[in-house]
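The following pair of complexes shares a single chain, chain A, combined with chain B in the former and chain C in the latter.
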Partner chain A sequence: MPALAFALDLATSLDLLAYSPPGWGANLLRGLANSLKIAFGAFGLGLLIGIAGAYGKLYGGPVLRDLLAVYTTVVRAVPELVLILILYFAVTDAVNQLLVALGQPRIQLSGLVAGIAVLGVVQGAYATEVLRGAIQAVPPGQIEAARAYGMPPVMLARRVTLPAMLPFAIPGLANLWLIATKDTALLAIVGFGELTQETRQAAGTTKAYFTFYLAAGALYLMVTLISGTLFRRLEGWARRGQPSLRGTAS
Partner chain B sequence: MTEIAEHPARRPGAATDEAIRVETLHKSFGALEVLKGVSLTAHKGDVVAIIGGSGSGKSTCLRCINFLETPTSGRIVIAGEEVALRPDGTPASRRQIERLRSRLGMVFQAFNLWTHRTLLENVIEVPVHVLGVPRAEAVDRARGLLARVGLSEKADTYPAFLSGGQQQRAAIARALAIEPSAMLFDEPTSALDPELVGEVLGVIRDLASEGRTMILVTHEMKFAREVADHVIYLHNGLIEEEGPPEALFGAPRSDRLRQFLKSVG
Partner chain C sequence: MTGRPAWLAPHRIVMILALAAFVAWSAASLRWSWLPKYAPLAVEGIWRTLWILAVTSVLGFLLAVPLGLAQAVGPWYLAAPAHAFCTVIRGTPLLLQIWLLYYGLGSLFPQFPAIRNSELWPYLRQAWPYAVLALTLSYAGYEGEVMRGAFAGVARGQIEAATAFGMPRLTLFRRIWLPQAVRNVLPTLGGETILQLKATPLVATITIVDIYAVATRVRQDTFIVYEPLLLLALVYMAIAGVIALVFRRFEARVPQRRG
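So, the complex of A and B:
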């Protein structure tokens, strides 16, 4: 009777995944929401660091360029898990020592803030390289034309360089976003209640490991699929001025 | 903008009808001295053509006028306003450079339109964002300019979907949109297929005949002879010979120029 057993199994699984207790659905969705918050925050922070880092590497003085080289090399060399542990504990510690020195009470860094900060720093290192490459791919004549017409540097970046480099950056940035969503799982190690942590808890309590990890996998997959669609649209928009490689058909 | 003409840093004695004046311009790239003391003046309404062999420094000279290259030494006066330089030759004020640039319409050999913007967006970009012209007004003017260069139909097309000749005509419209006090052309037809050269030269001829001030670097000798008021032959970073086109092309004095003219046909 494997069919019957499977049906029973499915029924209990669905019960376990129900939104309200005794189902664990709400916990998983809360975990997912936390994961997405961190991913958004880290990706956004990474973009800001990346833009600054790319400009620093391209136009900065020798000292700045060296510092940025150290940053991108170290961050990309050390496993993210180790970085998270270092940054999470070291940063919390440093903040608290500072607070104590100032005569303020100690704080517990919120998992959300710490997660965004730590993953943002990691994302920033990769984004620096993605954006540096993309900016270098912009035909220099377009930047020169903007200078020749008197655009000040910030306007030039905002109106010409950044939009013009977008088509070259988006594939790399889409990868970084997906990595950000999955790297949030690493924060389970410091006990932050993101999707993987919530899943572990549910699975450990109910012993229904297969059900919960499968459900979590499905949620991550869903995020990836939706992101893929959004990034395809964004890329289409960013490439609006460029003929398709397939010719004029599309 | 009248502020250019009213600027206090006016050279004493400079004739007010001088649009561009370059004095003893030197420019080196490392050890390579590309310009060895070039002086030229473009009066308002003048078309000054610069001719010369490849590598003689024509582009460098043009680019120094709006500080796309920083001169090693020399002085540059635009519409009576001298560009303030530090002792090391770099411009003292970025804002002054930007303000002067925003009144010099530059047209490049490779067009250099912004590919993520339509032709109309290319043409209104500088008026709206650099010069602060209200958008509706800029759009009206841009449509007029695109019509003038024969591109009304293409206003909403992106540059990459157009021929080189169309792109260059749009680039000229972009230069006109800033109401330039002078236009700088760097070999505007050199990147074009032969059959597209005529349409671009036609537009430039029109502009010359309506009294625009321009400095034109070109390899089109027949065209230079036809539109220029003054021709400069540059050789190895120095002005070898200059004068009215009839004299330069009709009766060249130096051997080098004679040879050059023979070699370009």
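So, the complex of A and C:
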């Protein structure tokens, strides 16, 4: 009997997901939009850090290499949650101290900016490793040939290294993007209104826990599945003109 | 390289000195007065973190073996649900899964008198069964995918040879297939276990007092922000280092020559 009541409860509580109030659909979608904004920002920032880091690790001097090794090791060994707290407090503190030193009033850093900065630094450590591996997988002859033609380093990176490493990097980057979308949920703990936080508020207010958590889960899953399809197409595009790997890979 | 060890290179000595200076500076000028008061709680928290990590990794791995097997060689009616399970677990944030189980199941169970009156109720009222369940399922979901590749990757000849010897299927699995599959993915398993360690602080959000929750409590009680967090990061790095060492030991036992 209670099982039936529960099933009925779930059916009636579908109204709670309606787009306009009293439904909470708009809140969830706004949370999803915020999550995606942070994920995009963090992934982009992570890519920039990753490219710089990978080049530093491959071509930098011994000091730079060791510093980058410390960065990637520390960031990958400490839980994201702890890093988010440390960086969140530290970044806010640093910005405010700078502002005070300049004679400006203190500000509260917006959750969006702080979230992108923090997750970007975390993503950068992983992206450094992914891109370093991908650059190393480029046949050295291609880079040597470009050097022999007298290509300047930046043009070499733009025309040869980066496009040639893309097929090797995309599976790793796809994983990173999925990690980025899921890590945005951690910002709920510092109170930023992304999807998980909005879900918790909606569920806590209406007591329809299953409805909202399942709905949020479905939204996350949709993002994951759509991104998976897009990344597969992107990889196909990056591999254009290369012999198919099917048959050699298991 | 000349004869001296790598860490004696000049820039490394400078880095070690800088690290030592940082440690000395933080010992001298940061506030550590809270440490003696909270030390027993912190030890308890570390113990709880390790305990959750160990239990969920072992249970999750036991669950991952059938998941991987079903996806690698199972018939479609086993492979499809296993694949769906792995996709759902890997496609949604762990925090959401923990909250779904804790708040969802936690609000559902009290509605059933049968559960309230059962022997299990004193446990189901606490938070840790939900934390263990969520982390176990999560580890199983990620590992199931890893084990799928591992089972599929064992050389066919090995299994054919065992069959030719007339080995029963269970013995074949226990002696040949599983050990070879596991040793091929040992590095991945080590990495996943460190990821699992990094997922454990999420259980602090459902009132479990692990080491992360202890740091949070120090911050809330004393308004000291950086010191507990720095120490917390150090604790996690130490545990991650131990996990990496343990797995390196395991890997060293695997014979290197591959056919």
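FYI, the second predicted complex is superposed on the first by the 236 of 250 C-alpha atoms of A that agree within 3 Å, B and C clash if a C-alpha of one lies under 4 Å from a C-alpha of the other, contacts with A are read in each partner's own complex, and residues count from 1 in each chain.
As a working rule, a contact is a pair of C-beta atoms (placed from the backbone, for glycine too) under 8 Å apart; a residue touches a chain by one contact, two chains touch by 3 or more.
Because the structure is a prediction, the values reported are computed rather than measured.
A.B. asks: In the overlay, answer first, second, both or neither for which of chain B and chain C A:D66 touches.
C.D. replies: Only chain C is touched by A:D66; chain B is not.
A.B. asks: Quick one: name whichever of chain B and chain C touches more residues of chain A.
C.D. replies: C
A.B. asks: Report for A:R159: first if it touches chain B alone, second if chain C alone, otherwise both or neither.
C.D. replies: The first partner, chain B, only.
A.B. asks: Please report the chain A residues shared by its interface with chain B and its interface with chain C.
C.D. replies: none
A.B. asks: Quick check on the complex: what are the chain C residues that touch chain A?
C.D. replies: 9, 11-12, 15, 87-88, 90-97, 99-100, 103-104, 107-108, 111-112, 149, 152-153, 194, 197-202, 205, 212, 215, 225-226, 229-230, 232-233, 236-237, 240-241
A.B. asks: Give every residue of chain B touching chain A within the complex, in rising order.
C.D. replies: 66, 68, 94-95, 97-104, 106, 108, 110-118, 125-126, 129-130, 158-161, 178
A.B. asks: Which part of chain A faces chain B closely enough to touch in the complex?
C.D. replies: 139, 141-142, 144-152, 155, 159-160, 163-164, 166, 238, 240-243
A.B. asks: Where on chain A is chain C touching in the complex?
C.D. replies: Chain A reaches chain C through residues 2, 5-6, 62-63, 66-67, 70, 74, 76-83, 85-86, 89-90, 178, 182-186, 188-189, 196, 199-200, 203, 207, 209-210, 213-214, 216-217, 220-221, 224-225, 250.
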